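Okay, so subunit A shows up in both of these, paired with subunit B first and subunit C after.
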Partner chain A sequence: MALSREIYQAFEAVVGARNISEDIGICESYRAIPCQTSDHRGPFKQKTPLPQAVILPGSTKEVQGIVRLCNKYGIQFKASTTFWSVMGYIGSDYSVQLDMRRMRRIEIDPKNMYAVVEPYAIGAVVQAEAMKYGLNINIPGVGCSSSVAASTAGWVGFGPQTIFMGAATENMLAAEWVLPDGEVLRTGSLGAGSGWFCGDGPGPSTRAILRAKQGTAGSMGICTRVAVRLHPWPGPAYIPSRGMAPAYKANLPDNFKAYTLCFPSWDAYAEGLNLLHQAEILYLGHRQFTMFGRDIKTAMIKILNDPDGQLSDLEGYVNDPELKKANEDMKIDIQVIIAGMTPRDTEYKEKALDRVLEMVGGWKSEFMMDPEIKDWVLMYLLRMGHKNLNYVMCGGYEGNFGLSGNVFVSSSVMEEASALKKKWEDEHDYIAQVGGDSDMGSITIMGGGGSTGWEFFTHFDSYEKESVEGTAEFFNATQEWMNQKKLGLDMGKWNQSARRPDGYYFSQEEQDEMFSKLAQPLVAYYQYRVREAFNPNNLCGSYYRTLSKV
Partner chain B sequence: MEKIQDALTRIVGAENVCGDPKVLSEYSQDKSFAPGLPPRCAVRVHNAGEVGAVVKWANETRTPLVSVSSQAPHYKGDTAPGVPEAVIVDLSGMKKILSINRKYRMAVIEPGVTYGELLKALAGEGLTLSVPLATRAGKSVVASVLETEPRLNALHQWCDLDPLRCVEVTWGDGNRMFTGEAGGSVMDLEQQWKEDKWQWEPAGPMMLDFYRLLTGAQGTMGIVTWASVRCEIMPQAHKAYIVPARKLEDLVDFAYNVLRLRFSDEFFIMNNTQMAYLMADKAGEVDGLKEQLPPWMAVVGIAGREILPEERVAAQEADISEIAQNCGLKMPEAVGGISAEAVLRKAARPGGDASWKEIYKGAFQDIFFSTTLDQTPKFIQAMGSLSSQEGYPVCDVGVYLQPENMGASYHCSFTLPYRADCASETGKTRELFVKASMMFSRMGAYYFRPYGIWSRLQLNKDAQGYQVLQRLKGIFDPNGIMNPGKLCNY
Partner chain C sequence: MSLKDYRPMMERCSNCLGCKWIPFDKIKSQRFGENCPSVCYYNFNTYSARGRFQLAQTILDGDAEYTKKVTEVVHSCTSCGACDVSCKICRYNLEPLDHNIALKIDAVEKAKTLPVQETIIGNLKKEQTMIQGQKRIDRMNWAKGIKVKDILLEKAEVLFFPGCKYSYEDGLTEKARAMVFLLQKAGADIGVLGKADACCAGRAYQMGFEKEFEQRANANIEAVRKSGAQVIVTPCSDCYYAFKRLYAKLGLNVEVVHIVEYLDRLIANGKIQFVKPVQMTVTYHDPCHLGRQGEPYVAWEGGEKKIRNQIHTWDPPRPRYNGIYGVYDAPRNILKAIPGLRFVEMERIREYSWCCGAGGGCSETLPEFSSWTAAERISEAEATGADTLVTACPWCESNFAGAKNQNGNKIKIYDIFDLVRAAL
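Up next is the complex of A and B:
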């Protein structure tokens, strides 16, 4: 059903003719293949539906105008910013897609250490602006080319620096939000006209409906501005670099230290990470480079540090005895960065790190202490600008397993999970053969430590049907293993309850069928009640998981 | 009355239902200026099952319920019934510490557990908890974290609601559930612990942030029957300092610079009046102490925990001292005859049954709100002018500034002592309280925890936010039985 002229013109009156299009070529580019989204279905079955129009609002008022029209005419809508994955796309035929790229302003309060950002302000730009004031921002795993507002207000938002900076849910201060019914909610101190410094209260927090452990992925209206807490950056006003693309290295002062910590066993690893949570010495902690695979990570690091490096160099490097030895040395590892606020602070943190290693029998990888590699790691992890490398192996990747947030639980099954993956790598050719263990993730998903966040990167060819479908089979097998271990939902299936395999949203009946089986179904039932209260016309899709009755 | 008592007796037993007017009068009014009404009766509950049954009965009979966890006296008006015929649900008998886990630094506690009880138990496991300033001995930890009372260590607050994590709640509609990580698994703590799940993650468990509906709610959404709190490793080395200053502005820069670098553990600012109230053992000592003390002080605690504790303290001591020097300040361990260690000891431990703020004149009224540190001087100056104008002695106004949420905001608190047995002094203080509250509201104060008259001042500023709250209240407490009359009766 195409939009009537009356409706199209009504939208056009809100944003202007330049900022709306129903051109089939443009609309087609706002469709996604539902894989690589924690919902591995493969591109050969279906794409997300074609939007009726793509609209680019430029202000909160325009967003409100669009949402009001959607309510008036019963049109579903979804706003997205940097379109990282399928969750940003519409899921029904009679829908419009909002692309927020015109809204990208940033305001920084350096004294009180927060930034107010519009949806299209990306991590790289906010970070660059913040560094001018000696501040930094938590850039989650999605990388610096993605929207800060999307991860802060709309999705999960933990990453390498969460150990020092907290996760998105913790960094979110006040927000301005167009609710699905078109009303504008300003949370916390902002609603009171007191500024952006607090996102909670007064009394119970209205923020409760906007995001929790995860955001609503655009299914509870549209965040138009959000204040994000910033954190100290004890470095220069920008990250000075050297080298050639893509192997840029950071020229940072000596108070920045990058290490790869290695452990003799998974037990020691778990104990070491727990001690690091308690020690309050890390600026960053992430198991990053095992994402390439246990057997080839040092080879990949060599290639990526060489501006002329090619994947065709891989075989030679993999067979290099020195690199093999380094791989073995780094079998159970994690990358960390210390950023001393003063020389004394640097010295203390260095000593404390050594003490932790001593307590658990760990060591620092010599290979990773090569100055060139160390500076590449600093650039990689502090900037989080290498997200393209997730795809470099085969063109596609998907996280799976997920395991448990409790590092003592996850590490106890790490070898078994790795062995299962290795078996599939060896027996099938549709996922990359990287040595089983490709587990990567954050040392914590919450400020100061606690739960951790892991996933195994499974590399596949997203343009080859057999590879995509074979990967899905592999995920079925890992889910079965997860079930046997009582480890919950495999990350490769994490979003299967949000969107159907054909790319469309679930109906309420389908959601009822799924969520009545929750251990505590009241969770989804109250979400249904909240959706009914604030989104009475149900215009934002099924990422807001609901159960209509208990 | 008979029928009500019979019904409640069936749920909790006769010995736990109280209709004695003398006892009930203690619930009817607290020590704040907020009005209260006598309850119909009070029931002492001992488990979530009893709470659920009482809430179910209250829905059937449309009876208002007011939950109370802390021991008397109370000071903020939130536990005094705002409507007639209310039943007090007294949770102070729920005193189990359900779990303490050293490895994960978590504790799970029932609402009757006080700070004194919890800190003692935690110490046995090598743990502690960041606490509000010199909290009362009988203060419920669960009530305190639900009220989002500011903590001495803002740098361990990763959001405004830390250290609260998960809870078990019976909503106003009678439904019981777990929140946060605990809400994503089977509703059985023992089973969750067997699966090595320790109620760590507070948010969700999905996209609705249930626990945020309970914090600051003054018992208007539901009744919490356990909560998990994030604990800290007990310091093995701990030093304290006082940074004196002639004017607040000097400490503002100091505070920004220290917290920006994530230095210090405990950190707060007080004027000499507030410090004298905190440190005096009896009223007669207050004026003398005040005289000896500098006008303003920042109290800085530095802790070293498991890893190289002495080295951490030494490094931060030197660095913070340098920051003080750069601000033209010094950082001694004692000032005006009081040692920083003694201040910290008093600040970080539960005190007596009554608040230490009563020591000077027998009664007090606080005014507090959230703001940013750079805004605090204007509020303090305005309070001085208004006090003077209203004939309240400016030198009696205690000021306490506590960073919250890693220093993103500050709890700005004014203490106004008065003699409750003097009608004119009481009246004058009450008038100053009302006028100051209104003045601060106009100046942009954020009543984050809107008790009493502040709820109207605050909620009236944001019609849309208030409507959202009303709709949420309608979902979780459809019959409006949970502490009606509070938060503008939303």
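Up next is the complex of A and C:
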């Protein structure tokens, strides 16, 4: 059903003719095919629905105007900024897609150490602007192309720097929201006319219902401005670099140290990470490069560090005895960065790190201490600008065996999970054969430490139907194994309760069917009541999990 | 490759939209962080390289067609290749720029063109030039009054190929003569194609007019072959790209250098010496077709080979063209050799340079967009504190000059050769 002329013209009157389109080509290009981009709910071939129009608002007032019209005419809407993750795409036929790219202002308050950002201020540019003041921002694991506002207001937002800076939910200060019914709500101190410094008071604190821990993925309206905490950056006003594409390297002063810490066993790994949480010495911690796979990670690092490198160099490198040895050395590893605020601080952190290693029998990878590789790692992890490497090998990737929890739990089953994946790699040809373990994850998903988050990167060919479908089969087998181990739902399986495999949202009846079986159905019922209050016309889809009756 | 051959790339593009930004590692500010003029001006993602992949996919599927809007989207790409460089920071199996052009070619084959394009191409066919209103018969007028060999009549080592702009436009024809004079004075044995001189048609290719390009290219390759020239020197970056990459693919086997490379060599071996100081603060704009697209052509024939179940490789390994081996140092060496000149860099340089807006024929077909793109670059140049913006391509120069006049900017716009002359 196309929008009537009356409705289209009403939207056009809000944003201007230049900023709205219902052209079939424009609208088609705003559909996602989940297996082509990470959906974190499994690889599916079907496209998300076709929007009736794509609208680019330029201000809060325009967002409000659009949302009010959506309420008036019963049209669903969804905002997105990067459009990388499928969660930002609409999920019903009678919907409009909002592309937030015209809203991009950044204001930095260096004294109070926060930035007020609009949705299209992505991590890379907020970071670049903050660094001019000696400050930095938490960039989630999705990378610096993601919107700071979307990650802060809309999704989990944890990543390598969360150990030092906290995750999105912890960094969110005051915000301005256009609620699903079109009302503008200013949260925290902003709501009391006291500026942006606090998310929870003296004005209204709605963090728990508008975003909570996981984020509501655009189903509780649109955040138009949000203040986010900034954190110390003991480096230059921008990250100086050298080298040739794609292997740019950071030229940072000596107070920045990048190490790959290696452990003799998963028990030692867990204990090491636990001690690192307690020691509070890290600027960043992430198990990054195992994402390519246990058997090929050093080969991939070699390729990526060579401006002329090619994936066809892989087999040569994989058989190189030196690199094989390095892989073995780094079998159970994690990348960390120390950033000393003063020379004494650097010295202290180095010593503490060495002491942790000594206590658990760990060591630093020599291979990764090569100055060229070290500076590449610094650039990679501090800027988080190479996240599309997730897809480099096969064109498709999804996280499997994705969980967050205590490091002792995850590490105790890592080898078993790895063996299961390796079995699928060896017995079928759906997914890349990389040696099983391809775990990637942050040292913590909340400030200071505690819970870790991880997923096994599963590389498949998004172009080849058999590969896509085979990957889905493998994911099902993993869930069966996780059920046997009483590990709960894989991240992707949980995310499957937000959107149907065919790209559409779930109806309330379908949600009722699913969520009545939850261990705590009252949570979904509570959310239903919240949704009724904030979103009476139910215009924002099924990412806000609701149960209409208990 | 026809559009449908890009299908695997369309479906393996991961939607990351990194193609809208300069390589993230190089971002120093929000103001100058983006790279794609098309999506920056028109805003809808459809205009990005990713959008073009998806658009093409839906066209192949029959879900979308070449509406008026889609046709504009397809042709509003300056073929600058900035997306290509950014994509290849992480991806080894996608060719966004080649695909953008394949999409244009598909549109042209289906007669989905912009109205001005027909006039431009009509003129190319009839008068063998990209410059509207100019006649073939007047092409060699620029060389009147100078002593230069007609290379088809008299052997010469170096073929000077001025390109359409330097052949016809006021202010540039005089410069073309001065170039020949300077090169000769430095000892080069120069010839020109005389009656056989004609448009390189590189811009026709950038616009998706593949057949028209090939016709011209084959005629030019034949003329160069007959001339026996060992080196082709051109002051135009579009011509440089056409000869260096496109003609090489069609079989041209002669060294191709841009005049900045030739001058750099002459300066390095002392055949050109600067004596006059040039008291200017100068920043340099890397033309897309000299910089990131100016990499040497490497012949490749092969196909995809999967290893380790699903990892895509090319067999044999395929050239990556990620922009790093373009011509970047020669112009900078020249500027740095000029006494008194202070050289400053913009934020977006070398392989991740911002486009001038003239590419893909956009200066003629979508002038507002093109001029906006040039104005963006001028703002970036001004932000460095430079009083002068120099480039090494007549298309860039005239696009900057037009935008400057429109917006009343103070910065001076020159071709690098102007500063070379001023320092002699």
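By our rule, the second predicted complex is superposed on the first by the 534 of 550 C-alpha atoms of A that agree within 3 Å, B and C clash if a C-alpha of one lies under 4 Å from a C-alpha of the other, contacts with A are read in each partner's own complex, and residues count from 1 in each chain.
Heads up, the rule we're going with is that contacts are C-beta pairs under 8 Å (C-beta built on N, C-alpha and C of every residue); 3 or more make two chains touch, one makes a residue touch a chain.
Model, not experiment: these values are computed from the prediction.
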item	value
Combined model on subunit A: subunit C and subunit B, fit or clash	fit
Partner chain(s) touched by A:Ser312 [first = subunit B, second = subunit C, both, neither]	second
Subunit B versus subunit C as contact partner of A:Phe460, first or second or both or neither	second
Subunit B versus subunit C as contact partner of A:Met341, first or second or both or neither	first
Subunit B versus subunit C as contact partner of A:Phe367, first or second or both or neither	neither
Which of subunit B and subunit C A:Tyr283 touches, first, second, both or neither	neither
Which superposed partner A:Ala352 touches (first subunit B, second subunit C, both, neither)	first
Subunit B versus subunit C as contact partner of A:Pro204, first or second or both or neither	first
Partner chain in contact with A:Phe506 - subunit B first, subunit C second, else both or neither	neither
Closest approach of subunit C to subunit B (Cα atoms, Å)	23
Subunit B and subunit C contact sites that coincide on subunit A, given as residue numbers	none
Subunit B partner contacts - residues on subunit A that touch it in the complex	111-114, 134, 166, 169-170, 173, 179, 183-189, 191-195, 197-216, 219-220, 229, 232, 234, 274-275, 278-281, 341-342, 344-345, 347-348, 351-352, 355-356, 404-406, 408-409, 445-448, 450-451, 486, 519-520, 522-524, 526-527, 529-530, 533-534, 543-545
Subunit A to subunit C touching residues, read off their complex	18-19, 21, 23-26, 28-33, 36-38, 54, 56, 82-84, 99, 101-102, 104, 106, 121-122, 124-126, 128-129, 143-145, 238-239, 241, 244-246, 248, 250, 296, 307-308, 310-315, 379, 383-396, 425, 428-434, 459-464, 467
Residues of subunit C defined as touching subunit A within the complex	7-8, 11-18, 21, 23-30, 33, 43-46, 51, 54-55, 58-59, 63-67, 69-70, 73, 85, 87-93, 305-318, 320, 322-324, 351-352
Residue ranges of subunit B touching subunit A (in the complex, touch as defined)	103-105, 148, 156, 158-161, 175, 177-178, 180-181, 183-187, 195-198, 200-201, 203-210, 212-218, 220-221, 230, 233, 256, 260-263, 305-308, 311-312, 315-316, 318-319, 322, 370-374, 405-409, 444-450, 455, 458-459, 461-462, 464-465, 467-469, 471-472, 474-476, 487
